[in-house]
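Okay, so subunit A shows up in both of these, paired with subunit B first and subunit C after.
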Partner chain A sequence: MLKDKETYSKIILCSLPLTVVATTAYTSILVAVISFLAVIISTLLVCLLKSFLTEKTALLAKVIISLGVVGVLTMTASVFYKELTDSVSPYLPLISLTTVLILSGKDTIEATPANALKASVVMGGVSSGFLFVVGILREFLGMGSLFGIDIYTKVFAPMELFKNPVGALFIAAMLVLLYNILVSLTGKRGTKE
Partner chain B sequence: MRMIITLFVTGVFTSNLVTYNLLGIDSLHSDNKTSLSSVLKNGFVVTVVLLLSTTICQPLNNLVLSPLKLGYLAPLTFVLVIFGILLLLRVLSSKFLPKAFMFLKENIKVESVALIALGLCLIAFEYEVARGYAMSLLYSVICGVGYTVVSLMFFAINKRLAEVKLPEAVKGLPITLLIAALISLAFGGLAGL
Partner chain C sequence: MKYITYVSPHLKSENDTRNIMLDVIIALAPATIFGILVFGYRALLTVVVTVAAAVASEALYCLLLKKPLTTGDLSAVVTGLILALNLPSGIPLYIAALGSIFAIVVAKLLFGGLGKNIVNPAIAARVFLLAAFPAAMTTFFEPFSDLTATATPLSNGEYLFKEIFFGVCPGSIGETSVIMLVFGGAYLVSRRVISLHIPFSFILTVITIAIIFGRAPILEISMGGVMLGAIFMATDYVTSPMTSLGKIIFGIGCGGITMFIRLFASLPEGVSYSILIMNLLVPLIDKLIVTVPFGTRMSVKGGEIKCLVCSKIKKLTAKLSFARFR
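Presenting the complex of A and B:
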């Protein structure tokens, strides 16, 4: 799945708006978990309701279903982690549209629930993993800490650039670049063997 | 006049929807906008959708949802309004402007435009409320102009990059993200102007 360059490019591009709030490890975990669950639950609900959906209503139905799922997940998260959820709340409804964008290539209306679930777990996993890694790196490079624990601020000054959305873009670019280099290296090794 | 200039600098440069809120990068990454006119048309469509969605969503939020304490329904309402606007544009253009309808059908990705409009409604509303209705409408147009400016920059840079031999690992998504990061960094320099 990940070797399909277009698919992972699309997932990362669709997840980019959410990286704005993934400034620390905790916020990135919250956004990643909600995003992952939203992709899976929305896919399952769309599959279950497919007999009621037509081609024209499918897109709007997907958006409304995923908005509902994100709303319920946000409310649940705010019960346990109110301050953390409030800090990212303006961006959370965007998860619904990123979910629809992520799943737009895979026709969940046509697919069986098992296949759709399998695809959504992989795609949701890539998206959430990307958000989590970006959050951790932004906290480490931008604030000099990890999970709120100070790592190097007494020795070096952290690079404040990474607190801003520019930092998220640079980190995303470097992660994709690293992935491409690793894929090309393993590909070359595979052909030699 | 000073406020309008401040709004212009904010909407086009420092808080640009693409480079600061990272909305709509997926639509800039796709290669379907091969001519200058299609880039400008795309920017015009986004500007119109942003203006119409702010025209309807802001009074709906201020006069209906907030007084009735139904703020949690705001994302759902906004999405329905935005999709309604996009549908209306399609229906009207199919009847009166067949060429525009073909352009909308072939080049505009509904989910991406909806994501940008929802992002503006959710993220920028808190700043817009303090400015008043007329200024909000102006700000939405300025945000559309900001999107068009970034689209034009992407188009120009991609055209130049097509003549350069890039390393294989950098091609595609990494270079798009790096361009976005550098534009964001350049625009960020105008903060506090």
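Presenting the complex of A and C:
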């Protein structure tokens, strides 16, 4: 997993706009699931429609497809988790943007549906996992709770910075730092062996 | 007769990092002692905790990453002390400790340690604490009292000029007394640890803009962290420009942004943000302000400043090398 550093850094960069929405663990799960499914379904649709698409129309098609897929997924989620989905729905364009960013590149058009599906599962998985971790950390540090259960607010004051969008980017930076440390550690071990 | 030859440098200055940091600690002592006398045991505890946390976090980081121990250069003590002087006396001690850890680990050591940090660690920590704990960072105590103040002189508090000037008003531990800070600054200048370029240009810019906008200039420099910032934080060697002209530009920038925030932003104070922004512009200032070698002239060509003699030497060497190959 740690070998292809460049690809994963691109996915993390694409997912950055969505970290702003992931304020709590529950919200991050919902956003992560919607974006994960959106990436997979949109990739498949783009692959299936590739014979109708030219270079000029590809981007437009990706935007329309991802917007449509995200819209449908959010409407489906609102049937089961109405309140939670309502809090996320203003950020639909952000979820679509992340999907489009992940879909961008010629590979999605040129690849076969099977390969594109494989790649989209990995990309969507990395993006969703990242969002989930950011959401959990933001809730823990910014609100002093986890999944709505109070952890330490009676003893320590939570850091309000992490409730704000800036906090999401700060956590993302710290996760990237941790990732780099892990990569360097595994690299060192590899050379020793 | 046998001569012994050595490679230069032949003269070694005694001004190593440890001595410079020691001078800064001595210079900060009057303001620190005054702050402790005015704000009581809470201020003392805050100073002790921030300094201890800064030194401990640096030692622990070096120990864990198996790097040489750098606490001996006293830079961690200075960072902890400056951060403490920027905090209100009643701040919970764990927040003060967290600020120190952030300053040392995130703002200094993760960038490669002393000399490689791009922003002043103490200021970065203060800004982080302001964003993370806004309520705790803006709760000040009245001098010689256990009562919390409703406002500082900067946020519409009604205080006499005498109280503000002598530092007997609510505020951060080390920023209230102008006289003590000037004493410290004079000591640093006399020891040639800092030059007057940055403090003067910073303070003069604040005074000028205050006059233009009809504010009391002496009050503007006495209130908030202008003096502390201009003397002790903006003059940090690592995060300030190298040339005299660069330092003046840096000081003007700091003063300008401080007054812009005070006049037009919703924040009452802007010293930390102004120094932080200017810290980030230091590489650009250093790049633009080229030091001219003695006996040479400068010319501006295509928006880039070039040294005429250097370019002539370059052309000459290029011609010579071409002739040799031909």
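Following the convention adopted for this analysis, the second predicted complex is superposed on the first by the 189 of 193 C-alpha atoms of A that agree within 3 Å, B and C clash if a C-alpha of one lies under 4 Å from a C-alpha of the other, contacts with A are read in each partner's own complex, and residues count from 1 in each chain.
Following the convention adopted for this analysis, a contact is a pair of C-beta atoms (placed from the backbone, for glycine too) under 8 Å apart; a residue touches a chain by one contact, two chains touch by 3 or more.
In this text the structure is predicted, and so the values were computed from the model without any measurement.
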item	value
Which superposed partner A:156 touches (first subunit B, second subunit C, both, neither)	second
Partner chain(s) touched by A:177 [first = subunit B, second = subunit C, both, neither]	both
Touching partner for A:94 - first (subunit B), second (subunit C), both, neither	first
Contacts of A:86 with subunit B and subunit C, given as first, second, both or neither	neither
First (subunit B), second (subunit C), both or neither touched by A:63	first
Greater subunit A contact set [subunit C / subunit B]	B
Which of subunit B and subunit C A:20 touches, first, second, both or neither	first
Touching partner for A:166 - first (subunit B), second (subunit C), both, neither	both
Shared subunit A surface residues [contacts with subunit B and with subunit C]	161, 164, 166, 177
Contact set on subunit B toward subunit A in their complex	19-23, 25-26, 29, 72, 75-76, 79-80, 83, 110-112, 114-115, 118-119, 122-123, 126, 168-170, 172-174, 177-178, 180-181, 184-185, 188
List of subunit A residues in touch with subunit C within their complex	156-157, 159-162, 164, 166, 177
Residue numbers on subunit A that touch subunit B, as the complex places them	5, 9-10, 12-14, 16-17, 19-20, 59-60, 63-64, 67-68, 71, 75, 90-91, 93-94, 96-98, 100-101, 104, 161, 164-166, 168-170, 172-173, 176-177, 180-181, 184
Contact footprint of subunit A on subunit C as seen in their complex	92, 94-95, 110, 128, 131-136
